[in-house]
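Below are two complexes that have subunit A in common, paired first with subunit B and then with subunit C.
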Partner chain A sequence: MSTGSVEVVYRGIFQKTLAKNICRGVVFAARKEGKIGMAFGRYSDSPERNGIPAKQFAVVSDTQEELQEYLSRYEPDNNDVTIAADDTLCKGVESWAWYGLQPINKLLKEGGTLLVPSMRSPDDLIRDIHRKGAPYNLAIVKGTASFSGLWVYKNDHTDVRLLGALAKVAPHIIGRDAILETIREQWKDEQKVASAKKSYELTKSKSVGADQGNDEVPFEFELPGWTKMEEGLVIRGMAGEQKVAGRDGGYVPARNPTFKKFSTRTMRPVVNFDTCTQCKICWLQCPDTCFDITPDGFYDANMEACCGCGVCEAVCPVDNCITMVNEQAFTDNASQWEMWAKDKEGYSAWMSKKIAAQPPRSHGFHHRGQYAEEIAHESS
Partner chain B sequence: MWVDTAQEALDTALIAYRVAEDKRVFLPCAISCDGAFLTHSQSLVNVPTQEMVDSFLPRYDRAEKQLHPDNPITIAPQANEDWVMEIRKQSDMAARRARGVITEAYEDFNAKFGRDVEPFIERYMMEDAEVALVGMGTLAMPVKVAVRKLREQGKKVGFVRVRWFRPFPTPELQDALSRVKAVGVIDRDYSFGSTYFSGVLSNELRSALYPVANRPKILSFIAGLGGREVNTDNVIDVANRLFKAASGGDIDDRDTYWLGVRE
Partner chain C sequence: MQESSIALTDFISTQVLEPWKGIKKVAREELFTSGHRTCQGCESALVMRLMIKAAGPRTIVLGATGCMYVANTTYYSTPWVVPWMHTQLGSAGSAATGTAAALTALMRKGKMEKEPINVIAFCGDGGGADMGLSAISAALQHTQYNLLIFLYDNESYANTDIQVSGLSPYGANSTFSPPGKVHRIMHKRWKKNTAAMLAAGHPDCKYVATVAAGNAVDTLNKVRRALSIGGPTFIHSLDPCPKGWDYDPKYSHELGELAVETGIWPLFEVEEGKLKMYGKSKHIASGAIKRKPVKEYLLRQGRFAHFTDEDIAYFQGKIDAMWENWLLPGVIPFRAA
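Let's look at the complex of A and B:
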């Protein structure tokens, strides 16, 4: 008599197929062991956009009644395993439906396992993950974030490797043999079975203490009731301190503190203010209006608002002015312009180091045809 | 709302704008104008002057919901499941407030245009009626003729025409119909698979009259689909069945009767 559940947090669109394959695999494997499973998505409909943290769950029970009992909660909050399909999700997730930063381990139960495909060391990852206040385990499957989404399926075995690792860290949910047999049936590919088996053998868990990790308090947002909301879902512009020059009325709006979309980001722009010509194109083209205009006329990408789409890098006419760098390389959302204004040489050195040592991009491409090149490179 | 003449279509358009654009409502409004007979007919209507209309219908003013450089707002953005119930509740409150706004609008309309129109429903020869016919829109013409014919024979029959279907005039219909013994609803529409396989008005009316202490017998009829003629004989047939039901006769009120359909 038991129920177990797996939460898969993934990058919307980019990893939808990956998440689906994992949850589907769990349900099929459960059936092989005479259990009943169900997989379902949350935030995987309207809020699902490129890179936005979305979720799928797989719940496995011995009986139908137990399954119903578990599913009577809309979002399972006591998961045996949480899979963060992209290691940059370890910084916390905010789907459009939540409006608040949810630590990646928040819905994981005490003693459960956070499973992450990553090239980073456990200690390095723990630096990003919020403190849970209860002990849990961290298991890493060596690899970069897979790009198995709606439109491209990078057949890099990440889905089966995670299933193999899952059997290792949570054998009470699915057993090794059941998952291998499921992979054989579903994919009809012995290489994938071998990948899962190897991953099962290699996966090790490291225990994480209650007080280990990022001590930052994640921002919260209280959803208003109908009596408190303005009708028409009106969101008012907020006046900043800056006034509009040469004109009565009107104002330069301030950023609304409840709109933070940065957990969508897998890479961020790094701006070289020394080569910037102040042409405004990044400011104009940014789909999220994330560039703040600085007093000296520069454009500073606001890291609370930036989704990391890379449009600024693409439209910047100056060579080596804006460079997208994998989000893993950063630990805060501090203003680059402020850093530069304070210490230009120090900023230059910091920037060069970040760009030179940047980890590979997990999603998105630097130039047209890059995906085809990557596939050709990997298969050769 | 449903209208029965070209004049009422014009009048109702003015009232509809006034109600829909009222800040207490801000909900869409739809006017149903027959579609077979009325929309294909020509008649003279009393067109009010621009000044008269302006005095009744203020300029559309979105006020603080007007998007303007001096009033920077985001309005009606995408919202997800965490917001849906709250937004629906706000629309619900607006629909409830609409009742008062509609009443106000008719009072002002009557005063400024010299009319005497009851909001929500029209009552025709209902004062001492023992049985009542109920319908919407252009059905009024044959029904009123039939009611007059029956009255000439001393039969106490009346007619209630529903103008506003949303918000449904529940209190008005409870008031008008709780004093009669039998009600015949003639729907010029059909709601597939609905309760007793009837039309929308009879379903709503049954629900509205359920809590009334002296609930009358309710018979439902389908007629005039696709603009098919509803003639006075059809209506007299309905009235006769109502008198039979009112006097305790054997009439099945759990069925829906089709009038003027070829078998």
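Let's look at the complex of A and C:
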């Protein structure tokens, strides 16, 4: 008599099909072992957006009664396995306003396993993951995050590789043979079965101590109850401008304090202020109003507000002025302009290092045939 | 009837919003700011930001249901600095008329100081061109009220995960039109010619324009013109949607430009009965530049990834006809028999 659950945290529309494939796979495999399962997404994630962290769950029980009992909660909070479908989610998850920043391991049970597809080392990932206060395990499936869109799916086997790894780290939820048989039935593709088998064999867990990890206290809010809301559900508007010390003569827009959106980011713009011509195009074209105008007329991408869409890099008319860099290279949201203003040479060295060291990231559909090209490149 | 001695025209002055000549002149004040739950690279969020930047602080914004309502006001929070109110899906026109009428009445009765206040109601393609078309039509007939209906068109019901609307392009993949093995093209209706239809059908409406936010300064100035000219006005913006069109969010700007350069999205304004093409569309119409092939636009988007050469040729043929056979190229389709 038991129930097990898997939480899949993923990047909204970019990984919606991936998350669905994983959760469906778990439920179909459970049936093969005479168990009963259910897969579902959180209602409050809907409608999903590109990049904004969302969650789906797969719950498996021995009996229907146990399953129903488990599902009576709003969100499974005692998961055997948490899958972070993109390794930058290890920095924390903010799904909507008032949510705060939820550590990636928050809903993982003590002794459970955090499963991440990544090219990074366990120690490097643990640097980003908030301390849990209880021991758990970390397992890495070697590979880059799989991103695609709503209509064209990147079939790079990340789905079945995660299912294979899941069978290894949580055999009490799904067994190896059941998952391989499910993959054979669902995809009718022996290569996908082989990928899952190989992933099963290669996956190893590393134990993470209660006090290991990022010691930053993630921001949180106290949710206002209905008694605190105003008549007519009026929301007070924001002031237009923030007064920030050292920024007189510039312009720093007010920002929604209860939804920061930066946990949506997988890449961030790095600005070369030495080549910037102050043409203002990045500022004017930013959908998230994230550029602060500095007193000396530069445009400083505010890292609390930037969600990493890359439009600024695309519209910048200067070569090598704005470069999108993999978010894994950074551990804070500090102002680049302030760093540059203090020490121009130091900033230049820092910037070059960040740009050079980081692998690029795929961010969705560019052209027909692109995913096949990427898969060929990744496997070579 | 003491009040009837005061003519309505006493209250219909507008704010004078001069055009901004170049990007350096654009106001730095932000009235739609950060912290909305839209997709990465959401062009409609940019359009909201530009729309209200152009209008300025003395503005009331009304928003029909859609992404720009749901994503922007997630659970008890807002990125709006100006007063904003939600209205029902098909109600942009009625909400705008009602608000403009209410302001007039309050000022006439001395309950508010006399002051020109901009009223903008926005709607998506579903809320505007499908459900709300009759209410917008009615609003454009009420020439005594100053208001702007702003249609942000991402070519589907994007908020509820991409269902077909009357403005979805031919053949696009959507939740309602998934291409299958037997039937490849499931959406066969051609996109409604909304802005030109409203301009042609409401001769007393002083200003109708199409915009694309890639041309940010033009977009700002079209909004400023619409709000300054008085009476009910209409602007239709084509907004590339990374979620529904399925492309890398960094290409929002580029796809908007491609829509113009391929001739799929003509940029024009109809001011007091006079049509003017502007931007690259002006040069396409005059023959100064050639249209790019629609293939360059279509194959950049996952929603057209199932298109065959035959489908692309059909699409190209419809666009060619629009520029070569129409009475007013890109604007009015019929001609005298």
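We adopt the following convention: the second predicted complex is superposed on the first by the 328 of 380 C-alpha atoms of A that agree within 3 Å, B and C clash if a C-alpha of one lies under 4 Å from a C-alpha of the other, contacts with A are read in each partner's own complex, and residues count from 1 in each chain.
FYI, a residue touches a chain if its C-beta (ideal position, glycine included) is under 8 Å from a C-beta of that chain, and two chains touch if they have at least 3 such contacts.
Source: prediction; values computed, not measured.
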Message: By the touch definition at the top of the document, which applies to A:M229: first (subunit B), second (subunit C), both, or neither?
response: both
Field: First (subunit B), second (subunit C), both or neither touched by A:K260
entry: second
- line: Between subunit B and subunit C, the one with more contact residues on subunit A is chain C
Task: Determine, under the contact definition given at the top, whether A:N302 touches first (subunit B), second (subunit C), both, or neither.
output: second
Message: For A:R49 in the superposed arrangement: first (subunit B), second (subunit C), both or neither?
response: second
Message: For A:L150, using the defined touch cut-off, is the partner it touches subunit B, subunit C, both, or neither? Pick first, second, both or neither.
response: second
- prompt: Is A:Q68 in contact with subunit B, with subunit C, with both, or with neither (first, second, both, neither)?
  reply: neither
Task: Go through subunit A and flag every residue that touches subunit B in one model and subunit C in the other.
output: 46-47, 96-98, 224, 229, 233, 235, 237, 253
Task: Mind listing the subunit C positions that touch subunit A in their complex?
output: 23-24, 26, 28-43, 45-46, 49-50, 57, 67, 70-71, 73-84, 159-162, 173, 213-214, 216-217, 242-244, 246-254, 299-303, 305
- request: Could you pull out which subunit A residues touch subunit B in their complex?
  value: 43, 46-47, 96-99, 223-226, 229, 231-237, 249-250, 253
Query: Which bits of subunit B are touching subunit A when the two form their complex?
result: 26, 65, 69-83, 85-87, 89-90, 93-94
Task: Would you tell me which residues of subunit A are touching subunit C in their complex?
output: 12-13, 46-52, 96-98, 149-152, 224, 229, 233, 235, 237-241, 251, 253-261, 264, 279-281, 284-290, 293, 302, 305, 307-311, 313-315, 324, 363-368
